[in-house]
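Take a look at the structure set out below.
Chains: A, B, C, D, E and F, in written order; residue numbering restarts at 1 for each.
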Amino acid sequence: MQTIDRWFDDYELGEKRSTVGRTITETDIVVHAGQTGDFFPHHMDAAWAATQPFGQRIAHGTLILSIAVGMTASDINPQAMSYGYDRIRFIKPVFIGDTITVTAEITEKTDHAKRPEQYGYVHELVTVTNQHEETVLVLTHLYLTNKRDTTPVH
Amino acid sequence: MQTIDRWFDDYELGEKRSTVGRTITETDIVVHAGQTGDFFPHHMDAAWAATQPFGQRIAHGTLILSIAVGMTASDINPQAMSYGYDRIRFIKPVFIGDTITVTAEITEKTDHAKRPEQYGYVHELVTVTNQHEETVLVLTHLYLTNKRDTTPVH
Amino acid sequence: MQTIDRWFDDYELGEKRSTVGRTITETDIVVHAGQTGDFFPHHMDAAWAATQPFGQRIAHGTLILSIAVGMTASDINPQAMSYGYDRIRFIKPVFIGDTITVTAEITEKTDHAKRPEQYGYVHELVTVTNQHEETVLVLTHLYLTNKRDTTPVH
Amino acid sequence: MQTIDRWFDDYELGEKRSTVGRTITETDIVVHAGQTGDFFPHHMDAAWAATQPFGQRIAHGTLILSIAVGMTASDINPQAMSYGYDRIRFIKPVFIGDTITVTAEITEKTDHAKRPEQYGYVHELVTVTNQHEETVLVLTHLYLTNKRDTTPVH
Amino acid sequence: MQTIDRWFDDYELGEKRSTVGRTITETDIVVHAGQTGDFFPHHMDAAWAATQPFGQRIAHGTLILSIAVGMTASDINPQAMSYGYDRIRFIKPVFIGDTITVTAEITEKTDHAKRPEQYGYVHELVTVTNQHEETVLVLTHLYLTNKRDTTPVH
Amino acid sequence: MQTIDRWFDDYELGEKRSTVGRTITETDIVVHAGQTGDFFPHHMDAAWAATQPFGQRIAHGTLILSIAVGMTASDINPQAMSYGYDRIRFIKPVFIGDTITVTAEITEKTDHAKRPEQYGYVHELVTVTNQHEETVLVLTHLYLTNKRDTTPVH
């Protein structure tokens, strides 16, 4: 974890990075249920899940989302802060034992509506893939970012 | 946790529900860092955070999002599944010791593009409020929902 | 989780409710050992357990008890508080991967010894069943409950 | 943790042991909520709890029970197994930061109803005390125990 | 857990104690990654690990070290405090499902350099063995220990 | 987390890196007790600790060691593996709320005894400092490292 200043101007459309893999374990699901209070049988009841179309327990959407975003948190950039996410889609279920990797690509840069000279939004498309190279989740992460030679965001 | 069938047709625009409160603890943040691998000093370094504008550690965005969505997971509806989220915005930071409550309101119903006779999307606006009645996070939760007398979604 | 006032007078003998299932995982056992400090080899040593009559690790009694009672915590009743449990019996071991469900039945109502006009005890028989429909644990949960039109318990 | 054979005949009425102390932390409560699924505001909502008679969050009954029983799990006795508990009473609430200690005293020995020559029950009164020397919880732990020179319990 | 005073003079070279076993679970590894922030694929990525010489995920060195030292923490000795460890060696990997046991032997006693009349170091060789009786980790634990009839260490 | 090949030849004596900070929380201690089974009152009993010279609970040595080593796990180097640690010393206690940072410096390079043409040991001195710039722990981390143009270590 390093601290590296990157300004709005420094981000290039098409920049892409990817992570090493991480296996989603039964532990992750049990801990996430415990953190969120979501004990739905889809995640917690192996006997019932075996009778359903998916045939087994599936990870919470918020678990995969949280881990995926966490896997993209590498360098600290004091010039940017997480503003929100757009268009999160759960495309395929993630099962216990699946291994996910994440790619993140800068797909868009937009100006701040009220202070375009000072701030902009960097849009990063986050794509989560399983070990079968199937996309399981996508989202767009928006970073509110300082333009160079301006007052910092925070 | 009860299982109750609700079809697309059963949801009414303006329907609203709200939760009891939950205090966000240091434990929640430490556990979430451990689950996601995001140990950024914004969340984990009290000494550094004290020198920043916010003055203290702040909760991960994905933590508040995950807990808030979990708090809305009350009854099981076999006719609906979580499809994704739109427009997640982190409006204010959540600090250790803050207590959040969540309201969820049906704000829109849209048809499935390819099979409008069979499926629709129920849009639920999730609003997270702290103990000062400030909104800290909003998102729209999309549920892919069966229309009555059709083949189930899953 | 809803808040619903129910007074002593509202409970009917024979009222029965049951839960969805929950699979007891290795994670649950490891977390419970860590919470309680009970690292007995019956729960934590797979190699030794394989040489014993049960042939595998078994869940802590307090784990199953805690989860089962937790599974019955659905609605909040401001007119009642948990007073204690009677006659907890560990009838069969619970193994990693077993799925339990819980039923709770009102079996008795008794008056408070000193203030019978004000309080009573609602006795709820909690029965925990595994996926083979074998009873693994029973206990009676006692709730100290306000009688209608009296000063609240707390 | 040692393994020491103790038969029914070896236990003496009045035998007493006590533990070192353990502070009940906010972490314990958050972890216990996560393990059991009981997120009642009594345990999890500091803002609401401040408006209640107790004035602060209180530990789950099953948390104190589980930790207290765990604290008595010292030596392994292959001649005894946990059979159940009688008369669990939650006498006073336990708050975050309270420190509990546990005493356990052999108070009764009874024969097994069907095989009195082979088995008996050792009754151990478990008393949990806080740092103000107030009793917060009592229960009687029943151990099914082999009589000497008989076939083992398990 | 008992409190027993043992002075430097009371330890004998060659004294040896050993523990019951403990199975290292996937949960232990996931929790340890979460505690330490070490999410290296050697521990967390089952798909990648399957392509490596070891063929599967391996436990963190610090996990086995921490558990092993913890397993030797039995009686409390107010006359000694943990001073450090020497020569920790990770001899073989520990895999998910392996069961370890620990032996600890007093191998050396040395005087404190500046106050030899008051303090000494008790050296305990900690050896961790798996279920195949292979040594997986060794270390020497140094305890700074009061000599009898002297001012206490702390 | 990036994967970067660095051979024995690439390490320079005096190379130094340092980490961002991390606050040691009560949660970390409770989780570590749960992971290791070490519930000594020094870590877990606030009431007793208040009567001791340190005046408060202190972190487990293995907790600080594990977190510190984890904080140095940044890039993945396929040419090196963790071989062990030398001379771990617990210099000052770490209290709840202390914030630690870690520096790691290459202090020595030695050849492998039997295959000096193929392997060497890189010695990294790990120093853990608290928010008062006091050193709390030191250790030397040994990495068995491939020399360039040789068969890999693993």
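Just so we're on the same page, a contact is a pair of C-beta atoms (placed from the backbone, for glycine too) under 8 Å apart; a residue touches a chain by one contact, two chains touch by 3 or more.
Remember, predicted model here, so these are calculated numbers, not experimental data.
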item	value
Contact-richer chain pair [C-D vs C-E]	C-D
Chain whose mean Cα position lies farthest from chain D	A
Whole-Å gap separating chain B and chain F, where each centre is the average of the chain's CA atoms	38
Distance from chain E to chain D - Cα centre to Cα centre, in angstrom	29
Distance between chain centroids, defined by C-alpha means - chain A, chain D (Å)	43
Junction residues of chain E - those touching two or more other chains	1, 20, 26-28, 31, 35, 37, 39, 41, 76
Chain contact topology (line, ring, star, complete or other)	complete
Chain F-touching residues of chain C, taken from the complex the two chains share	31, 33-35, 37, 39
Chain F - residues contacting chain A, complex	1, 3, 19-20, 74, 76
Residues of chain D touching chain F in the complex	20-23, 25-28, 31, 97, 99, 131
Chain B residues within the chain F interface of the complex	26-27, 30-31, 39, 41, 44-48, 57
Partner chain C, residues of chain D touching it in the complex	1, 28, 31-32, 35-41, 52-54, 60-63, 65-67, 69-71, 73, 76, 82-90, 154
